[in-house]
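Structures given as structure tokens follow.
What follows is chain A paired twice: with chain B in the first complex and chain C in the second.
Right after this comes the complex of A and B.
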């Protein structure tokens, strides 16, 4: 209850600060709309169905992109953590892929994957991959060597050691990567939509900003993206609390 | 300051007083900011010429050119953060209807620069032939989208009669070359030149013949127009004069662009061809540098209203400001 109260107070303070900035700066709506104007525009966007149409598209991309990216990253991260040879062979490519600006690569990925949902999920998964893979690798390597030695002495096979010791002991670090990855998934979905999409909150931002000159609607789309990020982050934290003993 | 420096101060003052008449400096010119909604490009040659060849200075202006994202131009000009900008006329109609206090004050393009482009044997002779084709466009915004819907409307077609694919990063040329779409929206002075190298003979379906829309031009904010109309007159007259000079002598425009556009040296022949094609779009039939064709604006306004981009709540007269010299 106290945590909920703190969140509400924080939100109120944020909205008040926003309102004060608008008043002091005397900004017109097309430069910085007031919070109540954004809320009013958001209600209209919900009533017309526009917001849900675009939100649903982005949600699908985030869920699929994060699911794919995280799954592959945990498998690859585990391999990297267990084998120095694999790390030496793959890490230059993984780091290089991370260093390339995805915004520049996304339009090409969109064409290579033939556009559509597959392309957007692939772009989203690519952004999600790196932090989770690296976190998994670091987590696997942080396994207590004495416990590993004990399992070996008991005759545990390599898959058994991974399942019973390495993965569980790496979980806190892996969840650190998942927390970062899930927020990146939202950014990835928007980048993917900017590379080519008909619907999605990223598309709504473009249409509101460049097509309708509707700054309030653009803020509505941005606020919805922020809420999606917060909700998914919260879900990862919830799962972490269930799985990781403290 | 040391005593010895104090000693030479009178001598410095005397020499300064005996010197020649001070040359008028840029400090005496009125500083003005112009926003262009695209990266530095040869198509902006009139502005580069006006700046480099003294057209603006002769008009008492010290113009700073900044390149920004297209939708920011309208907002910044309306807010007074820049005096002038270059914007699509169709965007001006929407922005003005959305409450952004800007007006179109001077025409740059007599012809609408966006057209449907594709292989010569695929582009139909008239808009009704677009039915069933797939068309790539940056998105459901901007002059490309307006042109596409205006053409479909002129052909008696609806959006559902064609397959539309979005390329928000403006890479629809790649999509066409890749065979993903039949046609693309693009600028008549640019994309056809780049496409010919990749797909051979290129055809064009223009808006001008089927559904006339006013082209890009100079915009100014309501506040500036009300407070200092002479400044607006001076700017558009100098710009129009520079544009006329480039139309007369494209080499002048290319030389100015060579100074202002860092990437022009990579493909100078392409840039030269783009400038030549752009000059054709500026001039058009009945061209008069800078003048606003109100009949064309009225036709475009009606088209934009029919297509649902504007609701007619803001009359045409509040979107344009044809200033008498």
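Right after this comes the complex of A and C.
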């Protein structure tokens, strides 16, 4: 349990600093609520079932959006890495799509994809796609050409070289992209919910902030989003430790 | 940590020898290079690596190639292995153009080129897998190949845990496990210490006498070339050509140490003289007393 010691200490320090800022600044609750007020509001939200309803909706979007976005990104990234021609043809669109603010496009995408869960998953996947596709491309390109030649001399076909050499040597870089992508999936889910949804933590943030002026509840929703991000990030790291043995 | 303990072990054990003699494979194939030229286009201009290279290698013969750095020795081997097509002229193995990975030619590269995330054993087994070996057979054959080079104790280690010499031996085991009709060795013993190197040379000679595959060995060592080969091909500096072919008519099996053999000394002097006249500036390096047989 030693490894959690530092995390626990830093959490305590963070909460204390927060409390000190609130005490010194004497801010009203709707600007910056005290940590214990947020915790207390969180307990009430859990007891009433409100928090879980919204969390469940967001979790589904994050899991499906990340799964879809990451899968497509790894396939496309592999193609980009293996073929200069494909990279030249596709990368302008991929980069341009990434540079366009998704926040502006989200309402349209929501309409194009029918406004349901599918639309939210698509928006989330779109945000996840870029870092993972680029990481996969860079990873595939980092394959040692000497090892590739060795495999060719042993009679390995192109699919065999991808399976035996390119994907394994790209894995550490791909996982770098997955780590970034999984945290972006949480943001993607919130953006998608803002474009049109009735449940989800993004919706709860809007309701609390603009409808109820319940800043404590907004903080509860934000903290839950942060925890979802941490948990998924941790899961990716766990899978990485199992797959990438160096 | 590298397991240095296994380095001193005799590279051949009784059970491995048994395995070798029961292995059946086609015998060596002839190799023919006619008017071969290789050009590389680089940003700074064209490099003529080889020019008008002619060489006939008899099936089952042992040829050593020797020459200064950058004379195209590795390029030559890559061409025979089918990894590179000549710009001009023709290369034939067993009468047809070599194709990479068709099982006719095995190439042990200058660098070990082991897959870093696979164990030593898996690296050897992977080569057998790619050659279409049945799964049940692979591990046994890979184990036997490692035993032959004295690496049994390192079977489970990753390449980064091996010393330079051990990695080179693992790469050699990978090439030997496939037992190809034509075996190309690109300075395969450069990272081995003198003692291990001597026992490997003896082992290589023994294997060759037993199976009569065609072997082409590229080396920097005159004594190694004279001690092992039927013919020593001396190459010129870039663009590489055949400067002289020295036939080595020493009796076999030859002892690992040919010091005091006057015929061997004469042949070595002839090779050295050919090297020196092909590239006078290299004379000093080749006259290194360490290199004398």
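What we mean here is this: the second predicted complex is superposed on the first by the 246 of 246 C-alpha atoms of A that agree within 3 Å, B and C clash if a C-alpha of one lies under 4 Å from a C-alpha of the other, contacts with A are read in each partner's own complex, and residues count from 1 in each chain.
In this section, contacts are C-beta pairs under 8 Å (C-beta built on N, C-alpha and C of every residue); 3 or more make two chains touch, one makes a residue touch a chain.
This structure is a prediction, so every number in the text was calculated from the model and none was measured.
In the superposition on chain A, A:107 contacts chain B only, with no contact to chain C. Annotation for chain A, partner touching more residues between chain B and chain C: B. In the superposition on chain A, A:198 makes contact with chain B only, not with chain C. In the superposed pair of complexes, A:42 makes contact with neither chain B nor chain C. Look at A:153: by the touch rule set out above, it reaches chain C but stays clear of chain B. After overlaying the two complexes on the shared chain, residue contacts for A:168 are found with chain C alone; chain B is out of touch.
Across the superposed pair, chain B and chain C touch chain A at no common residue. Across the complex, chain B is touched by residues 28-31, 106-108, 111, 114-115, 193-198, 203, 206-207, 209-215 of chain A.
Listing the residues of chain A that touch chain C in their complex gives 146-147, 149-156, 160, 164-165, 168, 245-246. Residues 78, 81-83, 100-103, 105-107, 109, 111, 113, 115-117, 126-127, 130-131, 178 of chain C touch chain A in their complex.
Of all the residues in chain B, the ones that touch chain A in their complex are 70-71, 74-75, 78-79, 91, 94-95, 98-100, 139-142, 145, 164-169, 171, 174-175, 178, 180.
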